[in-house]
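So, here come the structures, one by one.
Two complexes, one shared chain (chain A), two partners (chain B, chain C).
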Partner chain A sequence: MNPWLFFFRTELGISWRERRRVMLPLVFFSIVAFLFPLTLNPKGHLLARMAPGIIWVDAMLAVFLGLESLFRHDHEEGILEQWVISPTSLELRVLFKVASFWTVTSLPLLLVSPLLVLWLSFPLRGLGILMVGLFLGTVTLCFLGALGAALTLTLRQSSMLIAILFLPIATPILIFGAHSAVLAARQLDPRPALYLLATLFFLTVGIVPKAISAALRISYET
Partner chain B sequence: MTVKTFFHRLGSPPYFYRISKPWGRAFAWISLILILVGLYGGLWLAPPDYQQGNGFRIMYVHVPSAWMSLFVFMVIAVCSFIALVWRMRLSYAVAAASAPLGAAFTAVALVTGSLWGKPMWGTYWVWDARLTSELILFFLYLGVITLNRSFEDQKTGDKAAAILALVGAIDVPIVHYSVDWWQTLHQGSSFKGLTSEIAPSMLWPLLVMMTGFMFYYGWLVLWRTRSELLLRESDRDWAQQEIRP
Partner chain C sequence: MSKGPSLGLEARALELRRGRRLLARSLSFTVEPGNYLELTGPNGSGKSTLLRILAGLGRLETGDVFWNGTAFNPQKEECHHARTLYLGHTDGLKGLLSIRENLRLFGTLRGIHDPVDEIEKGIGFYGLQHLKQVVCDRLSQGQRRRAALARLHAFPASLWLLDEPTTALDREGVERFFSHFRLHLERGGMALVATHQSLARWITPAGEIALGRSP
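The block that comes next holds the complex of A and B.
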């Protein structure tokens, strides 16, 4: 078996052992979405118009929730140090680590998004585009968030700091993502927004692992 | 002395500490004169605007601040790059000294912009592309400052803030473009600060003010970098000698 695939599978296995980490973002994502109809007027019209924004902000917060623990365990157990000094590419390792993080925390969000679409009376014809957008967007958000987590690795109580670092940088993804859903709901062509989202996706996946690796190396340099 | 040797000498904190004092003094005087001349030109000599009356005069503070907010972020990004690639200690100090100044310029631009917006647009805030990206820039500044100060070891904080500044420098144009795109999707921009070309009698004080703000920043950044260097190098001989009376 390809060693990188093996690494990816091992990471997935470790996360699966701690099922709390899988369940927590999912439950959070659902509960936040469920609060909006209760606090706003639940009569369809307003809710349907706000649905793309609610779902996207909600998804971003759910991704953010897991970030603090992303590298923490590996750092405390000294595994991360082994990655840094190992001759194999740290960038690739980071890529697969974040990919596994996405699979564990964000893929369930995608799978549960049809339920939110029903709750928020978002038109069903926009569901496909919403899910494609959420796929591109959550992967990008995971990488940007991982950068925040890597920069604050050695700090205690880092989640507040991650929020300051991560949220401003994430705004373009939210803008393009939510608007692809808005366009789809209005039966307009959502491709401009999706293409821009895809551009950010490839840009992030290409560049940010390098920045994450540099950030992780800082913690072990003296 | 060639540019290259000058650059190499700048790598030495004591050398920078020595030459920055006269340079800072000069910058302070130049900025004081330019800002006074610019204010006189802007507040007294320039004629009132035919649409905005005297209200447009806040432009002489607003535009230079907004311009400096972007310029300082560029300085931080370039310094971060130099520091990460060539491991130049001075660069980290300049970046750390610049961040609060840039944040202050951004805050001034936002506040004066809001004050200008109320009489002219009828509201303190609109979700216009420029306003939104300026606000996000302010948050980025706060992130860089906080990250730099969060670590026990200053070197770690410097490097972490440098990486964030570089990513932020790539991000700022993307943010601006995305907000622009989002805004045009909703409605045409109904607000334009000055649609026509600025008349020469109004333009020259603005240019003088912008140059004055540049020198003002130059003065403050030299002064702050000196303190940053003393803090960072406090265990070295040269710093000990400087501190002792």
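The block that comes next holds the complex of A and C.
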């Protein structure tokens, strides 16, 4: 098997073995989303208008809660330092690592989003755009969050610092993401918002692995 | 005094620092093929720092490093990473994977396509056959160390940078390690070994780098 595919598969296998820790935030936030219709007045389309926002904040929090441990275990076990001095590409390894992180934190949410849409009585015609937007947005969020995690790797109590780094950067993605779904639900053209998300997606996937690699190298220099 | 290009690894006028504190100044040494140097000194004298710089983890601030007479930057040179194996304080094993899975994962780091035979040989050499399916979190300290050393066996490299390689090993493990180490040197390999116990009773080093004398 291709070594990169093997690496990706192994990372997924590790997440599967610690699935309780990895998946719990996601389960928690899905339950939170399911609580909204029970606690808000279901009449008056308030829920339908809030739905994209709820789902997007859910997605963002699911990514955010996993960030602190994204590199932490590999760092403590001495795996990351072997990455840094390996003769193979660190950038590509980071790319696959974040891809596996996305697969365990965001893909399940993407898969349950149709259910959430029904539950929150969001117009079904907005579902397709919501899912495309979620895909583009969560990948971007994972890479940007991973950069925050790499920058704060050697600091104690880094989760607060990651939050301060991550949340402002996440805001525009959430705005455009939720907005694209709202536009689609109102049968307006969602493409401007989606194009912006797509631009951020390609920029992030192209550039951020390099930045993460540099951050990891620097954290081992001292 | 000018020297011709020497084979092996040579360091000239290195300076070791931790933070702003100067640990050693104008450190020069040469390791030739088939030889190894012992790295001694009290705790905190910079043994690990030196190994990390040579491995390409730490930054080389002052001084030069040469390979077969050619200067290079250990942090940047990919071919240096390919010819070097660094074993630090941590074993570099994923606790949730078995020994065999860990070695296969390490193979992807070295860019080697699924070296099944080598891995089995490494596991066998360190007497871990019966444990190869066990998740590393369940292993004892010494067993983990053996698994880390099996990496040296499965993935040959010309330069070993070892930080206290025999910690937690039992007597039999130490013997296995040194018989492998001897073989490594006979094949023209090189090594720098940071240690608190003299290794001379196993294999005589070509020299000693004594750190920790006031710089």
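Observations on the model:
What we mean here is this: the second predicted complex is superposed on the first by the 216 of 222 C-alpha atoms of A that agree within 3 Å, B and C clash if a C-alpha of one lies under 4 Å from a C-alpha of the other, contacts with A are read in each partner's own complex, and residues count from 1 in each chain.
Simple rule for what comes next: a contact is a pair of C-beta atoms (placed from the backbone, for glycine too) under 8 Å apart; a residue touches a chain by one contact, two chains touch by 3 or more.
Keep in mind that what you see is a predicted model, and the values were worked out from it rather than measured.
When the shared chain is aligned, chain B comes close enough to touch A:176, but chain C does not.
After overlaying the two complexes on the shared chain, residue contacts for A:4 are found with chain C alone; chain B is out of touch. Applying the stated contact rule after C-alpha superposition, one finds that A:214 touches chain B and leaves chain C untouched. By the touch criterion defined above, A:76 reaches chain C but does not reach chain B.
Of the two partner chains placed by the overlay, only chain B lies in contact with A:200; chain C stays clear of it.
Shared-chain residue A:189: touches no atom of chain B or chain C.
Contacts of A:168 after superposition: chain B is touched, whereas chain C is not reached. Under the contact criterion defined above, the residues of chain A that touch both chain B in one complex and chain C in the other are 221. Residue ranges of chain A in contact with chain C, taken from their complex: 1, 3-4, 6-7, 10, 13-14, 17-18, 73-74, 76-79, 81-88, 93, 217, 220-222. Of all residues in chain C, only 19, 52, 55-59, 75, 78-79, 81-82, 84, 86, 88-97, 101, 104-114 touch chain A in the complex they form. Chain B makes touch with chain A in their complex at residues 84, 136, 139-140, 142-143, 146-147, 150-151, 156, 159-160, 163-164, 166-168, 170-171, 174-175, 177-179, 181-182, 185. The touching residues of chain A, counted against chain B in their complex, run 147, 151-152, 154-155, 161, 164-165, 167-169, 171-172, 175-176, 179, 196, 200, 207-208, 211, 214-215, 218-219, 221.
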